[in-house]
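Across the two complexes that follow, chain A remains constant while its partner is chain B and subsequently chain C.
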Partner chain A sequence: MSILDRRAIMVDPGVLKNSGHYDAIIVGSGVAGAIIANELAQAGKRVLIVEAATETDRSFKGYSSYLQHFYGQADKDNQSPFPVNRNADMPRSGQLRKLDPLEINSTSYIVQSGPYVTDTVYTRAFGGTTIHWEAKTPRMLPQDFQMQTLFGQGKDWPIRYHDLEVDYELAEREIGVSANVEDQQYLDITFRSSYVYPMHGLPLSYLDQRVAAQIDGSEVELYGERYPLRVRPFPQGRNAIPNQKYDGGKGYQPVGAVASHQIDVGGRCQGNTNCVPICPVQAKYHAGKTLAKAFDTGRVDLLSQAVASRVVIDSASGRVTGIETKLYHDPASPDHHTIMITGTLYVLAGNAIETPRLMLASGLRSSSGLMGCNLMDHAYLLNWALMPQICGTMRGTTCTGGIVELRGGAFRRHQATFSVDIHNDGWGWATGSPASDVVELVDAGNKFGADLRQAIIDRVSRQLLLAFMIEVLPSESNRVSVNPSYTDLLGNMRPVVSFTVPDYTLRGAAYARQFAKTVFARLGAEDHTKYDPSDYGFVTYEGEPFAIRGGNHLAGTHVMGTDKATSVVDTNQRCWDHDNLYLVGAGSMPTIGTANVTLTLAAMAFRSARNMIMQLGRLHAPVQT
Partner chain B sequence: MSVSRRLETFVAFSAEVTAFTPTEVWGTGLTQRYLDTVDGVVGTAMTDALLNAFDRITTQSAGERTAKLRQTVFGCEQLGPVARAVVKLWYIGTWYALPAAWQERFGPAAQDGTFVPTPDAYVEGLLWSAIGAHPPGAKAQGFGSWQFPPGIPKF
Partner chain C sequence: MTTHDITSIGLLHRQLFKAMQLEHATAPPYISALYSIHPGDNADAAQILRAVAVEEMLHLTIAANVMNAVGGTVDFTVAGFVPSYPTVLPDGEHDFEVGLGPFGKDALETYLKIERPAMAPRGQARHVQIKGGARHFISHPHDQTLRYYSIGEFYAAIRDGIVYLESEAKAKGKTIFTGDRAKQATAEYYYSGGGRLWPVFDVDSACRAIDLVIEQGEGELKQIFGAEGEIAHYYRFDQLQKGRYYQIGDQPGQPTGREIHVNWEAVWPIAVNLKLNKIPEKSELHAAVADFNKAYREFLAFLTRAFNGEPKLLLEAVPRMFEFRNRMQQLIRNPLPGGDCNAAPTYEI
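Then we have the complex of A and B:
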């Protein structure tokens, strides 16, 4: 699929002025912006995408340069493939440190206002954070949409699971999800009759199977109810074997690498064990695949190296009249000039930090006062152990299976749910394994030669890491704000994050630790978990120590609801205050349950795109191109 | 020591301390690059000292070589940290900065620091083949291979 020769205007405001009128200006080329761009373009609308980053990976060569950069970094953190661009900076976990009480750390891109320091990240690159995401794509549970009604906790959504069900199917098609319906029908998740996923599920890893052999069929008891345990495969947004029954027997054609010339890779996952931070062959979905289709229509333009800086409003009508945008010529220099970009509809598709940041920097707090509030992100608690036998850790996709039976249940009246990932990449997230193991065995263990080689096998190939993805409920004081004291090199205000891990979540974390110990006991695994008080994510709950990691599942900051007094956007993600402005993405989600947010926000993007097409139809006839 | 003899000795030393064969070491394509890396950090004189210390014990039995390596190389205040850095370089593909105490006593080694000499160094790390896996992001083992037990090579 060729995208290099598609119309994509570069940083040239002269070209922009002559390019005619756009039906929609979309800020951000991540999955939400890409889906909306493509849906609008397929409906004959003209779209301009404004992207802060460079467009390095629009070519296969550009994408591959990320991979080479990743290989060459000594510190392979989850942003390591992406070179520093101070004009469109992004959070990097290596820059963090623990805060003293009331201390604010403004040395990292996200100003950490505490008390909890989040190492959550997102990627400001062409294709957004899908260039980096792991691509786990579970649906939310029906009960997740009614937290207040069913459990007296959090918020209810203004829509229900069945309102999103068809859009979930569209999102699963767009992303190209591999899973088997029979594995995903648990708790109250339902599928329309005869539905199959586009591709068959990926097989469980050998490590998953060793865990399953000991825990499948066992139970845990929580608040008087029993929950059966089983290792289940996760649905994944990466290419596997197409299901011939898909789409009424039409099947599914996987989308591999997008490039300027024929590249036959990425049609199927190879098991590179590197979903995060970058799939080397593009078997994993990234928004560039959707953008390639959008550019193919000839109706979508791209303005890269363009940082949206202010949303300009007509004070009388509340309507957006333009987006002030700073164009920089060189990522290494803050030199830029400023233009005004105009269209009929405006769509902010940053993410749940960047979108409210831009709105707040524009002085737009929402009449609800909730812009930037209710920041949510899954809280991760890591537990790690050595299995009694060699399990072949470090092979597969990052994660193929886990324990999801406690994603829902009556206990949600009292404590957070969690979903448990069995990591195929060992202890890396917790300890820096396996490089840290080698360093320790050589430097402290005084091993070399055959002793060392055997010790590495014993240490690495038995590693099991259980990552508990714990629910976080909305709280108005957990928020993104801005402060003119903290700006980036272009003079744009940076996000300031204030966050406290809620007690409801910490009760879930405390149980998660107990649960991990139970599982390790059933496996005969040697528990090596320890939480360091100097860790930036260190918290205590009822005297017990935990180190909480961010989940990169940012949500809640422009919450969807039924009226303008208590929410920022309506059920189509349109701002109550500005009728030609949509804020799309996980920021609209009232709660996140234990679903990685991308599939749900992609489903909501389809819903919003339909509404935009209807709104544009009411406003004017489609522009002919 | 001639240039070619120097490289051969470096390969023999590398094979000895990693428990990979000289053929496997050559097969990484990184032998000269790594020797240059060591030379670049600690200087040719100290590299020569390391290689000569190993050269003196090559004719001994395996058990004796290990004991001698502990005494004269890994246990040497000057050469030990360098030898350990070479082992880590081969296994991980990263040169890890020498300890501060070493720098104070035997430095300055101006080029020292923690770095990856070339992107290939990561891809060719011996760690991955030792555990029957592959470097994350390269040399993938194929769709579905992960569901089977690992093929951990005997050595």
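Then we have the complex of A and C:
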């Protein structure tokens, strides 16, 4: 069925001041905000979504214009499809440089306060960062929820894996995850009996298979324990073959493109390698698919080009009384006017940088003082090599398989875990390939014409990039803050990030480098890895150099816990300090293990939405005397 | 004496073969026009063409499923399966030509004729005399001088035939659904936008399949949107002519949705109904067009295997179709010698 966008209303700001009443005001249209909007609307609640970006991407034309913009960019980075909008700015690569000691770089949207410079990004667009995400959707391991208890590291979650298990299933349904349970049952991950994913797993790429041919069945030893290795497929939030056994035999109906007017393009994944930053056929899930369902209820309104600038609190009760919002009229101009938006519940669904930024800009540090603290992001260490034979690199989605056996284990007492991605898109992330290959083959190799074409094929199709996604634990000094010296065009304070890559992570990185060398040796691959001291992400550990990349998996900055002294939100992501305010998203996660955060934050959104519906029910119930 | 046109299983197979021919025949014109549009321009028009072309392929699959269900043979390699363009289609009383060419205002008129809702007016025969010796996809099963009033009537007659033949068979304790279930292409192998795919094995599943083809194509009941909220092909194209999208609640001819801007100029000027013999022999272009036709012939043979017990091959068909797209886009960018037009696939199989 084609889901039409006819009921998504761009609300007239003039009407808003006196507009009836919203049960919930949701700031941010990303995956968390979208799920909560849809769940509340399905339960009959009225919702207003406040989105800083324009809403052009809701139309097919808008989505196509992103694609055209992407095709036209020489540098195809994470944000290349998204035109600059200084009123709702976002971090972009290409603006970063290494910092001198104590130096602060405020030329990029995120003010880099160092010492480590992160190139992490998020997208301020309709649908949030799911418009550019890679859509890898592993669950966290049960042991990830008990880091302190089991390994004496990091924090324990106030909830456990089994508390989230049903919500993981809901998130997998919402996102439309393609995977086979038998491939995902490893370490201590469990599934409810007879559970199947909505769609069958996507196949391993040819490159994965070449790696698997040499690696499967081998093992590594770490702190006296042996870990058998194999290349496993990752669960993915992109359309594959629907599993007829899903939902007790009812099957699953994949969701095609919805940002199109009556035209359902897209369907299953075609193996384009540009999943990041944008799927050309909308086979990849993005929050627009959930929002389309929400708008279809007729109970969800959207206010776009609306930048939430201050959360206003009643000092006596601590309750939120409104959200001051700046409405700009044109992305090219800072002209705006300010309105107050009110509702019963308030939900900040930005991300782990934007949400605490808004809270801190509103002077709300939380009783715990932890607002903005414990910033986490996966640290990526890239290792690249040339395979001895043509491996079909550049075919398949960005990443189909990897090595995940070291996501857990007793070694976590000493060093960080990691998950290894086998990249199907060559060395691009590490070296700027294939553009850099062309330059080198022309300048250094004197190649041209047919020789050059053949040389590029020979080279690119042998490229193997192993991206190690390394765990980062919470540390209070790694944080987001604000400073009135640094504002954006609308006068909103920008985020200031201070970050040091923890030694625990760097021990994991050092082992990751050894691990990569071992794998390359087994594959007969020629190691080309090189970390440049001038790289903005350059760090050393025990004399060894590394360049650490950001993972775009921001988390931890409004941590969930069991009491208001040591955490910002409760297990339903409701603020301890403000009983009608929810801060949702990965910012609530006490630890991130080695799971890309989206699936877990989506699962938590379902949990929170249930609690909001209950809270609204209590608020609207007749008063008992 | 029965009033049914289709009175034997042989005639049903004959009509289903014509249905497959018909559904296939509309794909090359739509796809040629789709790829004639400059990349990045006319996103609305391109996506409407694409959506319709994909659904024509769904209809082809459905016709093949019905054929297999009633024990017929699916064979896309039969001589004459692919028409020589231009070919002739009916629009009520009149015939019109459908050819290969660029997207444009005239082409849009043709698409509207292909998809126009045109059930025979009440009281009028569902058949029309064939004029001028044209060969028709939708001719009467045994009277070669007649064709159906419209594609909708053609399918309605197939539907009647299935119901009639099955009731006759049932009376004798038999069934016409003798086909091998393993030959059915099911939802695993197709999904895109509108429409679903299900195995055909009885009257109900067959009739639902045929109704879907009628509904998606012409909007039988003059409804803009079908039961699942999907807009019929005719109205999809009508939007391009009106410059505005339909939304639920609109009256036919009066869309009130978002505006559509069509840039009629942003189109490669591909030759209309090009033939291989119009391209200088031994030129690279000649070889490329001939290669395309050869690859297309092989593709039809591949699809034939898929519908004869190897449905998994439909998955492999997808990258092959990308190959066609690439070949087609190459041809379309190359001017023909000595003219104002660019090359295009000729579909001379």
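Everything that follows uses one rule, which is that the second predicted complex is superposed on the first by the 606 of 625 C-alpha atoms of A that agree within 3 Å, B and C clash if a C-alpha of one lies under 4 Å from a C-alpha of the other, contacts with A are read in each partner's own complex, and residues count from 1 in each chain.
In the analysis below, a residue touches a chain if its C-beta (ideal position, glycine included) is under 8 Å from a C-beta of that chain, and two chains touch if they have at least 3 such contacts.
Here the structure is a predicted model, which means the values were calculated and not measured.
Once the two complexes are overlaid on the shared chain, A:I159 sits clear of chain B and of chain C alike.
In the superposition on chain A, A:P280 makes contact with chain B only, while chain C stays out of contact range. Of the two partner chains, chain B and chain C are each touched by A:R268. In the superposition on chain A, A:V438 makes contact with chain B only, while chain C stays out of contact range. Put simply, more of the residues of chain A are touched by B, taking chain B and chain C as the two choices.
Within the superposed three-chain model, A:V312 lies out of touch with both chain B and chain C [touch as defined at top].
When both complexes are overlaid on chain A, the residue A:G251 reaches chain C alone and has no touch with chain B.
Look at A:A455: by the touch rule set out above, it reaches neither chain B nor chain C. In the superposed model, A:Y206 lies in contact with chain B only, and not with chain C. In the superposition on chain A, A:S64 contacts chain C only, with no contact to chain B.
Judged by the document's definition of touching, chain A residues 68, 71, 268, 270-271 lie at the interface with chain B and also at the interface with chain C. Put simply, chain A touches chain B in their complex at residues 67-68, 70-74, 202-206, 209, 240, 268-274, 278, 280-281, 390-397, 400, 424-425, 434-435, 438-439, 442-443, 446, 448-450, 452-453, 456-457, 460-461. Residues of chain A that touch chain C in their complex: 1-2, 4, 6, 59-61, 64-65, 68, 71, 239, 241-242, 244, 251, 253-254, 256-257, 260-268, 270-271. Those residues of chain B that touch chain A in the complex are listed here as 16-20, 66, 69-70, 74, 83-84, 87-88, 91-92, 94, 96, 114-116, 118-120, 122-123, 127-128, 130-134, 136-138, 140-150, 152, 155. On the side of chain C, the complex with chain A involves touching residues 40, 43-44, 47-48, 50-51, 187-188, 191-194, 196, 228-231, 236, 245-248, 257-258, 318-319, 322.
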